[in-house]
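Paired with subunit B in one complex and with subunit C in the other, subunit A is shared by the two complexes that follow.
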Partner chain A sequence: MSITSFTFVLFVFAVLTVYYLIPRKWQWTVLLAASCVFYLSGGKKSFLFVLITATSVFLAAMWMQKLTDTRKAWIKEHKKEISKEEKKAYKKKIQRQRKWIMIAALVLNFGLLCVFKYFHFALAQVNAVISAAGGTGITDTFKLIVPLGISFYTFQATGYLVDVYWENIKAEKSYPRFLLFVSFFPQMTQGPISDFEQLSGELFAEHDLLYDNYSRGFQRMLWGFMKKLLLADLIQPYVTDVFANYSQYTGLTVLLGAFMYSVQIYADFSGYMDIMCGMCEMFGIHLAENFERPYFSKSVAEYWRRWHITLGAWFKRYIYYPAAMSNWSRKIAWASRDRFGKFFSDTLPATIALVIVWFCTGLWHGASWAYIAWGLVNGFFIILSLWLEKLYIIWKKALHINESKWAWRAFQTIRTFILVTFIKVLPEVGSLSDGWGLWMRIFTEHSIPHGIHELLPALAENGNKNFCIILAMILLQFIFSLLQRKKPVRDYFTGIPVPVRVTVMACCVIVLIVFGIPASATRGGFMYAQF
Partner chain B sequence: MEELLEILNDINPDIDYEKETNLIDGRVLDSLSIITLITRICDEFDIEIGPKWMRNENFNSVKAMWNMIQAIEEDE
Partner chain C sequence: MHNFRKVLLVSISFLLLVGLMSLAIVESYIHSEYAFDEDVKLRRSLAGEIDYIFLGASHIQQAVIPAQVDEGLGVNSYILADGWQSIPLSRTFLETELARNPVKEVVLDVTYDTMVRTKETDSVECELYALPRLENAAQRLAYIRETFKPSRYRRVFISYMQYGSEYLINKALGKNVRNVIDENKGFKDMPARNVRINDKNIEKSYNENAIDNEWMSQNTEGLAEIIKLCKDRDIKVTIVVMPISQAKIWNYDGWDVFLGQLRDYCAQNRVKMVDFNLLKERGVLFSDETSFSNREHLCTEGAQIFTPVYVQVMKDISEGKDVSSQFYTTYAELKQHCFYAEIVSKQ
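Up next is the complex of A and B:
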């Protein structure tokens, strides 16, 4: 079921009607049923894999919780009779058992993710080694279809598992409730990757039908559809054409194509989030936010705190901190302290952890060397800023740069936007060499395009209409982003008289139907669904 | 508490730690400072701060950090 289809809109309103008609305490069962229907509409096999993940993680968490409860009860019962060492030994024994349960569940779930996502890539690497040694490679005849949303629900479910292992949360006792947490349909295909504490509080609460939720949710959904259908989908043919034929276009055309790609992916991904967050608001549910005006960031590190926030938070919590604080990481840091000094040994654990995180982030986005390189380039700039931070402060003092000045902040924002755009396009052209080729084209081809048809090739061919809509949407997005600095745009909108508000929304719906829906019919789905 | 304040002042002396209650949520301390802080706390107090303690609320103020250290000592 396509999110941008009329069927999906009807589906949502049917679910909403039932949701608010039945007793409040059973509302979550409607969401579970809707999630099952939504997923089954995408194929039975995909749903089977969701069930495998949900069941294995649910059972493993329950087992770990049972061991935790047993340990607590045993210690309480034998508190007076046992020594500190005996207590410690018992705790260690239980913890070892819990650890093996967690590892088994992690291996199963990440194993499934790796088989579906990375099998072909791994086989290609094996074949490359065999060929280099003069042998004949293994024929890749396997046809694996990646289950819908596997990267997202696997991360969400395993995050819950680790939280239960760390005893930060208690295991959920109801399987249907846990199944809803893993398979909640608005976030199934593209996130956000929620943590159990936050999402379960929203999913299992009783929600009343409130005009405010309905109205604000609808407004956000509408804006999300506009971003997707009137911006991302209209830019897509132009970007695809520039990336496919970059060697034939001028450097300026390719550069503009790269910037337009940044606009497209933001409109596409954040548009999806607006549709889903808006829809959830209509159910009275608040999803975790995934974007905070990322193109207004002043460094690559800040950009990654504001783009795909929940994925970054997952990596930080479950990879970055455990890696940076591990015994081996601290031992390396201590060993280097005398030789290389305090700053080096303090920065080294974070650097090692960042390399691991950015390698994994690259691999999570795609099974190719281009994505791995993309991840590592992002990591390189973040690590570089860590190591050069002190030098940067000295340099700013020497040049008398006032960081609070508007011009300096604008410079930092534009510089970061250019940098992240260049990094972003690297894996999107095709292979790593194509990405490199596109970069080179921008830097080495300096001819001036002759007219609009050469500057905006595929876009100009489609006539002025699409061009005007894209320009208007970019301008609107920019204004909204500036307004959002103080408060949500919907707060400004609420202050407008009702007749004007209704007219504006009706106009938006008409524009969507007339220009957006025909455009979306010929385009693919959402860009982040492929991850 | 004194040892903890000493560690914090060594990492960043420009912060009023006795008043600040939003060290992590307010991004007063960055992730590198947090790792340095944890390493120093582990060495100074001879405790193990596992990932399960890595929650913002445990590091938002000196008091929260001190409570966490005592909870870990009790747990061990």
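Up next is the complex of A and C:
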């Protein structure tokens, strides 16, 4: 079921009606049924993998919880009889069992993810090695279709598993409830990757149909559709054409194409988030936010704290901190302290953890060297700023830079936007060499495009109409982002009388029908669904 | 505490508003003459004058030029045809025009696909073109009820919204929004396209495909109704087959089955029939390189060549002359003398 189809909108309103008509305590069952229908509409096989993940993680978490409870009960029961050492030994024994359960569940789930996502890539690398050694490669006859949303729900489910292992949360006792947590349809295919505590509180609470939630949710959904259909989908042919034929275009055209790609991917992904978060708001459910005006960031690190926030938070919580605070990481830091000094040994664990995180981030986004390089380049800039932090402070002092001045902030914002754009396009052109070729084209081809057709190919061919809509949407998006600094745009909108509001929204729907839906019919799905 | 009432009230108001705005856009387009096919106003303005009607679909719409027919036959003709016009739809259009015009002759184009089409197999263009050309809301509603395939509602609605908004924007910008050309009287100008089969593929493409010859009962019945409608009013009916490219004929098999069926049908209904594909002179008159807009339709240059031929044949027939010597008797015979057969024999 395509998110941008009439069928999906009808589906949402049908679910919404049932959701608010049945007794509140059963509302979550409607969501579970809707999630199953939604996922099954995309293929039975894919749903099977959701069930495997949900069941394995549920059972593992329950088992771990049972061991935890047993341990607590045993310690409580034998408090007076046992020594500290005995208590410690018992705890260790139970913890070891819990650890193996967690590892088994993680291996199963990440194993599935790796097989589906990375098998072909891994085989290609093996073949490359065999060929280099003069042998004949293994024929890749498997045709593996990646189950819908596997990267997202695997991360969400394993995050829960680790939290149960760390005893941050108690394991969910109801399988249907847990299945809803893993398969909740608005977030299953592209996130946000929520943590159990936050999401379960929203999913299993009893919700009233509040006009404010309904109205604000609908507004956000509408804005999401506009971003996706009137901006991302209309820019797509232009970006695709420039990336596919970058060697034939002027450097300026390619540069503009790269910037347009940044706009496209933001409109596409945040558009999806707006649709889903808005829809959930109508159900009284507040999903975790994935964006916070990322293109207004002043550094690459800040950008990644504001772009795909929940993925970043997942990596931080489950990879970065464990890696940076691990025993081996600390040992390396201590070993280097004497030779390289305090700053080096303090920064080294974070650096090692960042390299691991960004390698994994690259790999998560796609099974190719281009994505791995993309991840590592992001990591490089973040690590560089970490190491040069002190130097920056000295420079700024020497150059009398006032960080609170808007001009300096604007410079930082523009610089960061350009930098993340250049990094972003690297894996999107195709291979790593194509990404490099595109960069080179921008820097080495300086001819001036002759007219709009050369500057904006494919876009200009479709006439002025699309061009005007794209410009209007970029402008609107920019204004909204500026307004959003103080409070959500919807708060401004709420101040407008209801009839005017309804008319504005009706006009937006008409614009969507006229310009957006025909464009989406020829485009395909959301960009982040492929990850 | 649920806010059902407020949510319902605002939702209904919102939906009504969207519905009204959509209706305004669609209606403005339907009543415009933004597409050259939307000739309702033109036909109304010609009421009482038309005495010769060409009925059919895109083949006849692109094949004859009414001005030349008028001059040659001394009639006032009009092409009551459009792309994908079905037989039931032709009947509706004809009824309207017969009621307000002194029609003496109806020329009905039956092409190879006319009798095999159903609403299930028809393209969405069938609805897209038809609705604005119908006379009034009652006819449109009847059409939607009887012929319109529900799975195409969405596509037609979105297309009309697009055309309508395009029309309104152009109108607001002061651009020309009337694309109907009065003088054409239903004729559709189309540029030429080279449809000739590549020499390398000629032999391979011979009878590579087959035309569908399973006539649908709703079409045979609809055609009979049209014939009856005319005969009841003493209107002369002629069934014609308009020329298609030699490439199409060469590439497909089953033409003689179609011809046999059509001949039988015409004999049963006592209607004269002329298949202009079988013209012996066609090789000299039309070329696949310059006379067609695609393999199935003549282009404007082709129509300019064909119309005088049509006029002469129809004149001869009305004068009681035997025209059979001007035509091959079968498609098999035509194929033997066809341009591609010559090339193959030389190869």
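The working rule: the second predicted complex is superposed on the first by the 531 of 531 C-alpha atoms of A that agree within 3 Å, B and C clash if a C-alpha of one lies under 4 Å from a C-alpha of the other, contacts with A are read in each partner's own complex, and residues count from 1 in each chain.
Just so we're on the same page, contacts are C-beta pairs under 8 Å (C-beta built on N, C-alpha and C of every residue); 3 or more make two chains touch, one makes a residue touch a chain.
Every value quoted in this text rests on a predicted model; they were computed, and no experiment measured them.
Undergrad: Contacts for A:L386 in the overlay, against subunit B (first) and subunit C (second): which applies, first, second, both or neither?
TA: The answer is first: A:L386 touches subunit B but not subunit C.
Undergrad: On the A-aligned overlay, A:E167 touches which partner chain: subunit B = first, subunit C = second, or both, or neither?
TA: Once the two structures are laid over each other on A, A:E167 reaches subunit B alone.
Undergrad: I'd like to know which partner A:M325 touches here: subunit B for first, subunit C for second, both or neither.
TA: first
Undergrad: May I ask you to decide whether A:A333 touches subunit B, subunit C, both, or neither, giving the answer as first, second, both or neither?
TA: A:A333: touches subunit B, not subunit C.
Undergrad: Under the stated touch criterion, which partner chain does A:K316 make contact with: subunit B (first), subunit C (second), both, or neither?
TA: first
Undergrad: Figure out whether A:P349 sits in contact with subunit B (first) or subunit C (second), or with both, or with neither.
TA: After superposition on chain A, A:P349 lies in contact with subunit B alone.
Undergrad: Spell out the residues on subunit A that touch subunit C in their complex, using ranges where they run on.
TA: Residues 6, 20, 208-211, 214-215, 498, 502-503, 505-507, 509-510, 513-515, 517-518.
Undergrad: Which positions of subunit C touch subunit A when the two form their complex?
TA: Its residues touching subunit A are 1-4, 6-7, 10, 13-14, 17-18, 21-22, 25, 154, 158-159, 161-162, 165.
Undergrad: Under the definition above, what is the set of subunit A residues touching subunit B in their complex?
TA: 88, 166-168, 316-318, 320-322, 324-325, 330, 333, 346-347, 349-350, 353, 386
Undergrad: Mind listing the subunit B positions that touch subunit A in their complex?
TA: Its residues touching subunit A are 31-32, 35-36, 38-39, 42, 49-52, 54-55, 76.
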